[in-house]
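What follows is a pair of complexes built around subunit A, which joins subunit B in one and subunit C in the other.
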Partner chain A sequence: MNFTEHIPILVIALPLFAAFLTPLMGKISRKAPRYFATAVFVIVAFLVVLLANMVYSRGTEPIIYTLGSQNDTIFRIVLEIDAFSIFMALIMAIVSLAVSIYSWAFVDKYSGQDKFYTLLLLVAVGSYGMVLTGDMFNLFVFFEISSIALCGLVAFRTERGESFEAAFKYMAYSTISGLLLLFAVGIFYSQYGVLNIAKIAEGVGSGPFNELNKIALGLLVTVFALKAGSVPFHMTTPDAYSEAPGGVAALYVAASQAGLYALFRTCFTIYRPVITTETIGWVVIILGVLSMFVGVTMALVQKDIKRLMAYHAISQTGYMLLGVGVGIAVLGNPAALDAYGKMAMEGGIFHIINHAMYKGLLFLTAAAIFYRVGTRNLNEMRGLAHTMKFTTIFFMIGALSIAGIPPMNGFSSKLMIYESVYQFSPILSAIAMLVSVLTLASFVKVFYSAFMGPKNEKVDAKEVPMSMLVGMAILTGVIIVFSLFPGLVVDTIIKPAVEALLHGWPIAGGM
Partner chain B sequence: MMSKIVRSMTRPLYPFIILFGAYLVVHGHLTPGGGFQGGAVAASAIALLVVAYGGTRMFRKGTLTAMESSGLIVFISLAMVGMATVFFYNFLANGGPIFGEAIFYGPNPGYFNTAGVIPLMNMAVGLEVIGGLGVIIIALGKKAFEVME
Partner chain C sequence: MFFGIDTGSGVWNAVMLLLFLAIAILIAFLLRSMGIRGHRKRVHAGEPFYFGNEVPESAYIKASNVYWGFIKAMEKYYKPVMAEHTGNVNDYMAWLVLTMAGILLVIFFM
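So, the complex of A and B:
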């Protein structure tokens, strides 16, 4: 076997290996962990791009990598990578790279940097694992890795009691949801005796849609909606986002989208043959509409900049659930699927990458403001545009994009959602547009109170250090490219992802 | 610090607890147990010492964290060495220099020198668990003694 065949596992194994080496790097010098971790993130991003190239050249046929041995693959841990998996991995690659560079300066004043970067690498491992695996139990393991590492990062600033509270809340909910996920995996295992997702899908599709599988579906949708932070499972998200130090909130966005990935994988790959009615689609749509509306109305009243953005993250997750939910609802109706279902899914999935980029960028700018001003309260900051010029520009790009102003990338994906959802149900489309208007209103408020007005003499708000600017610039660059060439992006990475989702997975190897 | 009875019982007992933990780790591929279980048993000896003697200074935190990291690194490295074939390939089984004896099918008393990399991985996990749980016990103990004083 040559090197290229091992790329799928290297994407997971390399950051895992590096995560355990990072504490030893901390013994060399104080700054060694940050350079080491960033170098690893660069290499992994490079590997992900290579892997993406391989996946797209194969069409809808996924790459299958078996761990342990080449025999009896059905019982072994497998990685199955199709265009949707690699799409999520690309998001994680970009965001983790930006966050790790951003954090050089941000965590400089804290002790325990080796642990910070270890946890950062472990979050990346968890998310890559969740999106690349083809094994149900492995999905659970990586879900736990990502949750526990994120919990550690949320509690990183140990001088603040609020951090512990947020981390404890997050840990309680993620542990409970992890157990529910394990229970669902147990249901599958007891019925089919395998953990391979493709084999489970075959089992679910061959029999009648029995009660056990209905329970498992309910559990899986709940667990992954909680991981994605959708209303009504958003109890932990505002606290955890606002207490996560600096760039970690941006990483949190990308990591919680692995929950969305798993949710869509459950509906499309495992339950595809039995979803013939609109019920499950409507459940996802209602989750989406609730998230959109509750998220944005809660955001309007916030005074804390990061908490406000956290509620917007919930609200934007609603768009993705709405778009893909319409796709699930028309799954049993091929005519409607071709007419607007696919386009709704494309819009929803395009919104995932757009959201990761602009919300990541907005969290980074919020952390940059906190870094200089030392407060997250919008009433205590003003006139930052006088001194923090680059941060202001980055914030403007992010805010225009999240509000869906043409020609930003947020507009492209939202337009796709509006157009296609309108054909399904006009009222849903109207709600989506209303939410977008409220989002704009809320970000105008933030922009005005933080950046406009006379110069604030009380705080020393000079521009943030170089590494933080570079981190923000990476995400801004991606947003600008996506804004200029939306059609190209949709054709190269979004359409294959939708096709891969609708195509399902073949079973790896024989018995 | 506990009573004299507890302390004098701890002294002869703790080497045996560690020994039993080590037994569970190295026989993990043959008998119930394995890396995690054996490591947890051995770490309970640390807990016993901390509780009985009421001090956390007898263990160095640096040593324990080094054990934790090195155990994990050994584990992943073994998986990566297998990458000549595939990740996690058992390259020592049935013919390797250690743990390389072929396995006999059917009922047998259990041959120690078999299973390839599995016992080595058990040992790595055992090392990691002793380190990780030890650090947790010491951190909790330190706080508890602060509160008591």
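So, the complex of A and C:
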């Protein structure tokens, strides 16, 4: 048996199996689940890197892995992995590892650590599954796994009523969006009798753009924009982010981005042949601009540090939607696609990984502050830089990056978006720059309120434990590398991801 | 390009920027070394600024009051937008249904 052949399924199966073993680890000792889960995250990250190496060596031809009969068109699991899929998997690998280590100290005071790590592993299973699958029904199943596990994590702090309220809202949105997704899958199945994404794409492209496919497209855009936390589907996002314990919010960011992946996969892989006008592109662009502006302006007025950061997560999602939306809008115009469309997509996709790293880091610093100060209210904080020196440095790196200040990685991806979007519509580019200015203003407020000013003698705000620092340092390290070598990152993982999106998928064997 | 990005309209290179910053800092230190040595003792100038130099507690502005002028000026925008964030899941569902209907209409007439 060739081990490397089975890496695609191991990336999903290993954390899934480990999730069910974790409660048993809790019977050995209280700390066993954390070390076990982290070891699994390390192994999975290693497998993802191996898989990435295999994917990049094949160019635009994806890896197709089939579990089940080759001749059965329905009851089998198909994984179809190209450079865009593996790009998303790399994000999840880095963030889940950092969050797992960070959580050692953070959840130490809570009971039910085995359940916490079980849910953490299940979020990873759902997210990996969403980005690696080549099957529409499997996509729905992984979407549900990710949503249910995140819901459990939001409600984890059972002593807080607000946690249950946030989890209920998130569950209501997730359930409705899951049903809408299932309905869209049903529409495809009723027409083509298959669930394979590449085969569905072939069916959609072979005939006229009929009403059923239009309904399915509308449903899929809505569902995945909701999963990504785009305005106006963002309402539950600040509640869920702020109630999620510790570093979970950072994992939440990465899991939400699986929604962006599915949205872009829908537009490029399934509907590419029928998207000949700018309409769908403009729908994505409008969602992006609304997310950018409403997100950042709502962030400015927040006094809860995690809610403020949650609104920024919404705002930053807008940049990705704007960049890739411009790419979708010019899909029917090859000259414009080559002139600036690809660059806009590269900027949007580069921003996905940048956002996962700096927003993840910022959420970890916010949780570190909460860990020591015991409040998320910025009005009750001051002078933390006196004692939490490392956390201050990590926060500064994250804040400079999200605000797009040179030479940080946030600047690189935003510059690509500004310049390419300007050629499509100068007004959109100007809005994107304005949002960046407001983002900086917002993080200056957080920095001033939490870290500057006289020391608060009433609070014992010493530096956080080592495991939390290590979690933050992992993301900081990635940010610094991405900041110094943006060209290397773009050439190695961003351009192949864009080419993979534009290239489409071959149909899996046996179809 | 290993270090930089070619955006089509220009080139961005972070390492180059850091090099220029290092040169600028070097020049600043050279200029500083040419200053009057006893100056600091006379006027307390040139003392490094750390976060949290002595500030009376009453003078420290709370987060809620930062940017109050901007928020006041943008009141007409903020009032309706904040009013929509009711915290009521029924309202959120209404937004979901309305927006989905809007997207479906746009796609149907494209």
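We take it that the second predicted complex is superposed on the first by the 501 of 511 C-alpha atoms of A that agree within 3 Å, B and C clash if a C-alpha of one lies under 4 Å from a C-alpha of the other, contacts with A are read in each partner's own complex, and residues count from 1 in each chain.
We adopt the following convention: contacts are C-beta pairs under 8 Å (C-beta built on N, C-alpha and C of every residue); 3 or more make two chains touch, one makes a residue touch a chain.
Computed from a prediction, not measured in an experiment: that's the story for all the values here.
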- When the two structures are overlaid on chain A, which partner does A:H386 contact: first (subunit B), second (subunit C), both, or neither? second
- Query: When the two structures are overlaid on chain A, which partner does A:H6 contact: first (subunit B), second (subunit C), both, or neither?
  - Reply: first
- Residues of subunit A touched, compared between subunit B and subunit C (which is higher): C
- Considering only the touch criterion stated at the top, classify A:V470 as touching first (subunit B), second (subunit C), both, or neither. neither
- May I ask you to decide whether A:F17 touches subunit B, subunit C, both, or neither, giving the answer as first, second, both or neither? first
- Query: Does the superposition put A:K455 against subunit B (first), subunit C (second), both, or neither?
  - Reply: second
- Task: Report for A:G68: first if it touches subunit B alone, second if subunit C alone, otherwise both or neither.
- Result: first
- Write out the stretch or stretches of subunit A touching subunit C in their complex. 168-169, 172-173, 176-177, 180, 211, 214-215, 217-219, 221-222, 226, 232-233, 235-236, 239, 277, 279-280, 283, 294, 297-298, 300-301, 303, 339-340, 343, 378-379, 381-383, 385-386, 392, 406-407, 411-412, 415-416, 419-420, 441, 445-446, 448-449, 451-455, 483-488, 490-491
- Query: Residues of subunit A touching subunit B in their complex?
  - Reply: 1, 6, 9, 13, 16-17, 20-21, 23-24, 65-70, 77
- Note on the structure: subunit B residues touching subunit A in their complex are 65-66, 69, 72-73, 76-77, 79-80, 83-90
- Message: Can you tell me which positions in subunit C touch subunit A when the two form their complex?
- Response: 1-10, 12-15, 17-18, 51-52, 54-55, 57, 60, 62-64, 66-67, 70-71, 74, 77-78, 81-82, 85, 87, 89, 91-93, 95-96, 99-100, 103-104, 106-108, 110
